[in-house]
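Chain naming follows the written order as A, B, C, D and E, and within any one chain the residues start at number 1.
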Amino acid sequence: MDLTLFMYLIPSLIMFGCGVYGFITRKNMIAIMISLELMLNSVDINFVVFNRYLFPGQMDGMFFSLFAIAIAAAETALALAIIINVFRIAKNVDINQITKLKF
Amino acid sequence: MESVGNIILYFIVAIAIIVFSVLTVTTRKILRSATYLLFVLFATAIIYFQMDYQFLGAVQIAVYAGGILVLFVFAIMLTQQPGKSAEALATHRRWLGLTAALAGVAVCGYALFSYAGFGGRLLSSGVDVNMEKIGQFLLSTDKFGYLLPFEAISVLLLACIIGGVVIARRR
Amino acid sequence: MELFNNILIYFVIVPLLTLGGLALCRNRGIKAIRTVAVIGASVLMVLAIWLVSIFLSARAGGDTSEMILRSDVLWYAPFNVHLALGVDGVSVVMILLSAFIVFAGVFASWKMNPLPKQFFMWFFLLSTGVFGFFISIDLFTMFMFYEVALIPMYLLIGVWGSGNKNYSAMKLTLMLMGGSAFLMLGLIGIYFHSAPEGQPLTMNILDIAHNNAIPHSWQYLLFPLTFVGFGVLGAMFPFHTWSPDGHASAPTAVSMLHAGVLMKLGGYGCFRIAIYLMPFAANQLAWIFLLLTGFSIVYGALSACVQTDLKYINAYSSVSHCGMVLFAILMFNTTAMTGAVLQMLSHGLMTALFFALIGMIYGRTHTRDIRDMGGMMHIMPYLGVGYVIAGLASLGLPFLSGFAAEMTIFMGSFQHTDLFHRVLTIMATTSIVVTAVYILRVVAKLLFGEVQDEHHRSLTDATWEERLSTATLILAVAAIGCFPNFFINIISSSFDPVVKALQAALPNVL
Amino acid sequence: MPLSLAIVVVALPLLMFLFLGLVGVKMGRKITGVIGVLAMLVDTVLAYGVALTYFFGSGQGQVVDGVRQAVVVANPAWLSFTDTLVVRMGVLVDPIAAMMLVVITTVSLMVHLYSLGYMSDHDGNAEKGFQRYYAFLALFTFSMLGLVVATNIFQIFVFFEMVGLSSYLLIGFYYSTPAANHANKKAFIVTRLADLFFLLGIMILSYYTGTFDFDKLVFGPTMSGSLETAQSAISTAGGATFMGCSVMAWALTFIFIGGAGKSAMYPLHIWLPDAMEGPTPVSALIHAATMVVAGVFLVARLFPLYVLVQGAMNIILVVGAFTAFYAAAIACTQSDIKRALAFSTISQIAFMMTSLAVSSNQNALIEIHEGYGLGYMASMFHLFTHAMFKALLFLCAGAIIHAVHSNENSKMHGLHKYMPITSICFFIGCLAIAGIPPFAGFWSKDEILVAAYQRGLGWGIWMSMVAGMTAFYMFRIYYLIFFWKKHEVHDEHHKPKDQPWTMTLPLIILAAISCVAGFVPFHDLVTWDGKALHTALDMKVAGTSVVIALLGIALATVMYYKENKLPERMANAMRGLWTASYKRFYMDELYQFITHKVIFQGICVPIAWFDRHIIDGFMNLMADATNSLSFGIRRMQSGSIQAYVYVYLLGALLLGVITMICVIF
Amino acid sequence: MMDYSQFLLMPQEIGLLLVFLLVFIYDTFMPERSQRYMPIFSVIMMALYTIYCFCFPAGVGEAFGGMFESNAPTWVMKNILNVGVVLVLLQAVKWTNNDFVSVRRGEFYELILLTLLGMFLMISARHFLLFVIGLETASLPIAALAAFEKRYYESHEAAAKYIFTAIFSSAIFLLGISFVYGMSGSLYFKDIATTLIGNRSALLIASLAFVIAGVGFKLSLVPFHQWTADVYQGAPTAVTSYLSVISKGAAAFSFLVILVQVFGSAYSQVWEWMLYAIIVLTITIGNLFAIRQRNLKRFLAFSSISQAGYIMLGIIAVNVMGMSSMIYYVLVYIFSNLAAFGVIAAIERQTGKVTMDDYNGLFKTNPWLAFTMMLAMFSLGGIPPFAGFFSKFFIFVGACHQGTVAIYILVLIALINTIISLYYYLLVVKAMFLRQDDCVIPTIKSHWTERTGLILCTLGIIFIGLISCIYAYINGTVDAIGAMFAAIQ
């Protein structure tokens, strides 16, 4: 049995799907952030796998993942800060609460 | 032909990723969710190791598992409210999420699996990914050098720091 | 600057200077405001008359070029947009018309209140657009001035209007802008087919016409766009509904300028752009628009018969008369087209006169419903006589402008060899009876008969500025009616290129 | 006297109009009237001078080889449609134009003079609007003169409109009264409808012949009526037909309809009785003597064409003959004297039309026999005499109305004692119209009857019968006004009496003319081809017509001279007929129905509704639809991030999937 | 290996970084009493820097192995953004000096400058990693800026909505890039373009869809737009104006670069139609939503959505004319929209009123503000002789230059939509000029900085269109890189 490219893409895809599912279904904003982490993580896997399987000569994919992790960290930090801020003013982290601006 | 150990490792990792991903987004307890995420991240790191990108795997563990997840836990602690540890899901929301996720997976899956260029590629051996190379690429200004993004991301991080300061200030 | 040696540019500069002068006036300095406005309007009038004399002497001097007083300054090089000026007979008379109406309009809005300064500023912006449109021969600048002329309407009606003004102003603006949306696409399409393969594209109307490079398939697409685009402003059925509401709500001078000049932009554009540049499609598709316009002539007249608001009557009458303009333009022969321009002149002047008088009457009685009025001839004989004259001009009495125009149209249209066109002409001709019906109905109800409201007895006749305003228009109406050949001589030669292009496009027509 | 003075004859009233209209209103009332009269006097003198010069003067070359030629005095271009179709404002003097100059100026002068008195109250103070009145009279005179001297058919059309306008203005002189207000509208619109056909006729005619000018349509190279020219004009049409008839027949019929409108031929006559709401002198001038004969003049002008186009001529014949009878029948029962006179006018004009129409001949070109053109001459003759005596009758009626302040003959009766001069003048007028020799009407009517008999016995008998009716109804009116019974005087201080000299003098002058006008040698002077016509009094016809007229007068005398029950009994005996006649055979009601119920309620109102609710409604609907769509989709912006993301993701996926489907499959 | 002279190709970025540092130093180290001059200081520095950039054009060429490109259009685009930022900062001066935000005003200016730097990177990036970093730099701090008005709940909600959507969209975008990488093996635009020639696979289409979604988020194209209105409404007005013009302009330019340079070979049949659908939806939906808005900021949000659709017309044109028209459109849009936001900000700062009904009768009390607002509305609605007319006309011409009938139909749809847009722009004019109200906004005295900003905007609105050399210059610069459209298939 060979470990083909696709075999690594499948878990990555499912991870992405789970992220999407989580984003749309969770009520807790932190849980939503967690879902987003799943999505970002799955993209990293894609890059690495593509790099390693298809274009092993260069390390573009690897570097991209490297930077993407950093970006994800920055995003998460900022997002969590905002969530906490919202918590301070709204006293909870329920995403359904922040729908005052609409229509 | 892959070594059996690799294959077994792969299956363990794959199943772990799938199972814990699902658990991450389905569990009702937020802290558990964070924990499952940790497992997913670890499993991802293992894939990186398997791909011979040890540096990346290390970064994954250090930054993600070590940094981000701690942030999450802090955030969870800060926003924890007594008696409100569990969240209930509205059913229609679940259907929405399911359709979106499935549609996304289906479209991406079809696109990926129908692409002719990916078929039957195997892991090539003998790729040397050592730290020295990584360091040189990271600070090179030539093609495939990453000095500029390296500088740029510092700006990004600085911006995020300032942003964090703005948000975190009481007033 | 070579441009400033051309008298034409001053038709844009003078209103703009007036605008600037008005801006310098104090808000309450009504005297200064009036003075500036009158000076501006008078200068325009003098310029227009001078222009006519220049034109006549040029033609008499053997200048047979299609346009005279040409100037050309490159503006937007990437699109080959030029500030290209030039006039032929049609533009000359349209400029004359505009100058007259601006002049009369200033006096008609003498007592404009509130915010007279702002009113006159918008008013002169509008006239800038109008004059700019008539002097330009570049598609882009034409279109620009066209829209410049449209938008002040919104505020002029919205702020200074009466009745359901918000609704009317919005409706008018949106419908006209809708028309100009079609127009814009049409113009862009023309631009991209303006020159044969390999030659630089151009926006200059004359060049496009001479290149005659628009493929037939594209003409089918672009002709309706441009024609409808201008047709909306020309109150073509079924895009005329802005006109009754808009006119009913507009203040006097705005109604005058709008019905008098702006609606003419539509007819002018139809022939100068739609027909001249796309003669093939014009020949092929004319029948559709002939049916529409022919219908709207009778339709507008019949609708006018049952209206009770003075301005609505006039608006529907405008639908009928402007329908006649487009109808005649679509007949594609020099006589009918000349008639169309005469009709533009005539309709412009007499409608302006009508609206001026209606405004003056309304300013006194505060009603425009003819059922509430009567016997005005006793009370305000000057206005009454003016109204009768306007009415007679409208129903086409000889020695007033309407007759010469309508007869030229009917005679010209009937010269068409095609039976279809002649039958349509006969249909259109019936409007002269219906016009008589509604005009006389109004005159009888409004001016004659018993005084309906005893309060009206204490009303006064026209003031001096009102007299001046109306007298100017009446004189112009009579001048056209008495000396039509003078105008026909100016106008008719301008149609030779258009008719030639039409003939070349389809040799078996005409 | 040079013929070019004809220009002055035409222009002078125009100047007077402008002067009186612009300056006169600032002047005193009486003075403007006097100025108007004097100007008209000058104009009349000039017109007579021109006419006399034309007919009898020498050295101007009007008669060449026994043919009296038309003279074009001036012919400037006014409105150029194309190179060939040019409307000119010319002055043409030919027999009928010269004759009309005389008629118009004469009657106009009389009316001008008469109005000085008529338009004043009993103390001699001029009415309000006096200046306006004189201005309008001058305008009318100008328009009518312009019409008759026209050099082309379009000029006639132009002045048709102008006389229509003047008529409108003068009928509506008392614009405060609803009746006048209504009547002038009606007059204008009905004649406008006719003018529409006139215009169509001109359009067709000019399209096929390529000209408006009479010298290309009807005048030969000798500048007199010429069948050859007409034939060549017709042949340029090349035998084109429309719906089975030749285009020339259409054109000429339409042109006739135009004339019929002005001349109040059935069924376009309905405006004329109502037009009597105007001041009576106006009725005399416009609605009896001059404007209403414009139609006759028009047909006469195009006579050679009509001669050649049989179909159109037959229509004229039928319409004319019918109208003559129809109007006479109505005139027999009217109680309003002006209306009765109006119907009389209609009937008499129909006489003229018929007279023109009987001239035609199946083989006109082939055999031009001696009597050919008699109808034409008779028609013009009758036009001339009728203008005089009908103006006389109207002016008399005006004097009576001025005296008793009513139009109804029930308010009159027995005025002979109070107004002897008026009575005599009226009597002369009645004799003239009844055709009693030697008064003017006899001569002209006799020629008409001769022409009718020449055309066919049936036509002759028919017209003779109408002539008899004419005598009857005229004397009925006369008796009812001046005799019947004693006048009831309501106010001793204001007894009816003969009017001041300004009003009486015109009566006397016109009565005198009515006496002698029959002796004017029309057959020498006014013929269609300019050649003198040799006629002799046909004693058979003359005799019978006099007998018939006398019978009519006798019947009227029996019935109406003294108060008796006979008229009532006769009316009761023929109740239906009498009422129908009194109600003018319900034509007004029919028109009322068509205009108000069918056109106004049935077409205009629905169209206006359609415009507001369907066309405009559609535009509003689009706006409303956009608005409500905007309201409807606002739920899309639910405020929930997850919904946003859902839309975002599905949007992206959909975009991809649809493109995949399009590109790959 | 290490050739630092390549940094010389990016003088604008480095200059901006310098300005940032100066501002940062001022903010951090200057004494408290001189802190209130900090906004003015930043404005002046930024203005000086902008003038400097105008005077000294950046060099033309590629740096870092083709990762970064500097050429005339990028230089122009960055300058345009600089001008916009100067105006934004100028209008914000008074606001940042109020008691509630003065503590954080330094951060405001710093973040604005840093995000601008991110946008510069987006514009010049010819490598996806650099592009992503630029994109994130340009978008993440805006969440912090949106949360700037801490006293208002809306500000926080806006920030939360923004950050979540932004991260989600960046995830989608990264997924798309990963697919591209999988197909081509490179992240350099040029390399990708050469390997993608003739590629019509489902993967390419999917990746294109995701890339469009990712950038479409920044441009707020429908259906990636829904955050826009909420964020615009909730964020402080200064931030909203920045978000609506500057970041949109940068995104539009880089969007064009990506689509043309990377996916140029997949134009016909693939992203042509994707954009087609998006443009139709964007313009229409934006307009439909805008009709009913009462809050002016929210109203301008939807208006900006539909404006983005018009900007896209310049991209779908794929020719020099379209691109230069697009840049020009952004320039005009900056002036028009900033004029509108300037008026809103000035009024909001003093009265706190932002709904259209509050503006009833504004002309009576504040004629100049009302006049400026009217000009802005006319310009946005494309009324001559204001600049908006020219930009709209040119962008339509540019689109039609593409030549197919389909594009004509697209332009027709856009034109019909201009009628709707005119309707709602006129609603504002109507409120100010036609309506009367009892509680009219009192006459307010605007700060000189606000006034200067508004006057500059007004001058821009009036003269940018009439002075033809501006467009001609842009066109000339784009002409220089016209070769890149040759790859379009």
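Assorted remarks:
The criterion applied here is as follows: a contact is a pair of C-beta atoms (placed from the backbone, for glycine too) under 8 Å apart; a residue touches a chain by one contact, two chains touch by 3 or more.
Bear in mind that the values here come from a model prediction, so they are computed numbers and not experimental data.
The chains that touch chain B as well as chain C are D, E. Among the remaining chains, those touching chain A and also chain C are D, E.
Averaging Cα coordinates per chain and for the whole protein, the chain whose average falls nearest the overall one is C. Judged by contacting C-beta pairs, the busier of the interfaces B-D and D-E is D-E. Summarising the inter-chain layout, the chain whose CA centre lies farthest from the centre of chain D is B.
Distance between chain centres (mean CA atoms), chain B to chain E: 32 Å. Distance between chain centres (mean CA atoms), chain C to chain D: 37 Å. Remark: chain A and chain E have CA centroids separated by 27 Å (rounded to whole angstrom).
Centroids built from CA atoms put chain B at 6 Å from chain A.
With touch defined as above, residues shared between interfaces to two or more other chains in chain E number as follows: 129, 133, 136, 140, 143-144, 147, 150, 159-161, 164, 168, 175, 179, 182, 201-202, 205-206, 229-230, 423.
Across the assembly, chain B contributes 93, 96, 100, 104, 107-108, 111-112, 117-118, 144, 146, 149, 153, 156, 160, 163-164, 167 as residues in contact with two or more other chains.
With touch defined as above, residues shared between interfaces to two or more other chains in chain C number as follows: 174. Applying the touch definition to all chain combinations yields A-B, A-D, A-E, B-D, B-E, C-D, C-E, D-E. Residues 1-4, 6, 17, 63-68, 100, 103-104, 107-108, 110-111, 114-115, 117-118, 121, 127, 129-130, 133-134, 136-137, 140-141, 143-145, 147-148, 150, 159, 175, 179, 182-183, 188, 201-203, 205-207 of chain E are the ones touching chain B in the complex. Of all residues in chain D, those touching chain B in their complex are 642-643, 646, 649-650, 653, 656-657, 660. Only residues 160-161, 164-165, 168-169, 172, 200-202, 205-206, 208-210, 212-213, 217, 222-224, 226-227, 229-230, 269-270, 273-274, 277-278, 285, 288-289, 291-292, 420, 423 of chain E touch chain D when the two sit together in their complex. If you check the complex, the residues on chain A that touch chain B are 1-28, 30-31, 33-35, 37-38, 41, 44-45, 48-49, 51-54, 56, 58-60, 62-63, 65-67, 69-78, 80-85, 87, 91-93. Residue ranges on chain E touching chain C, taken from their complex, read 321, 324, 378, 383-385, 389, 393-394, 396-397, 400-401, 403, 405, 408, 411-412, 415-416, 418-419, 422-423, 426, 429-430, 433-434, 468, 471-472, 475.
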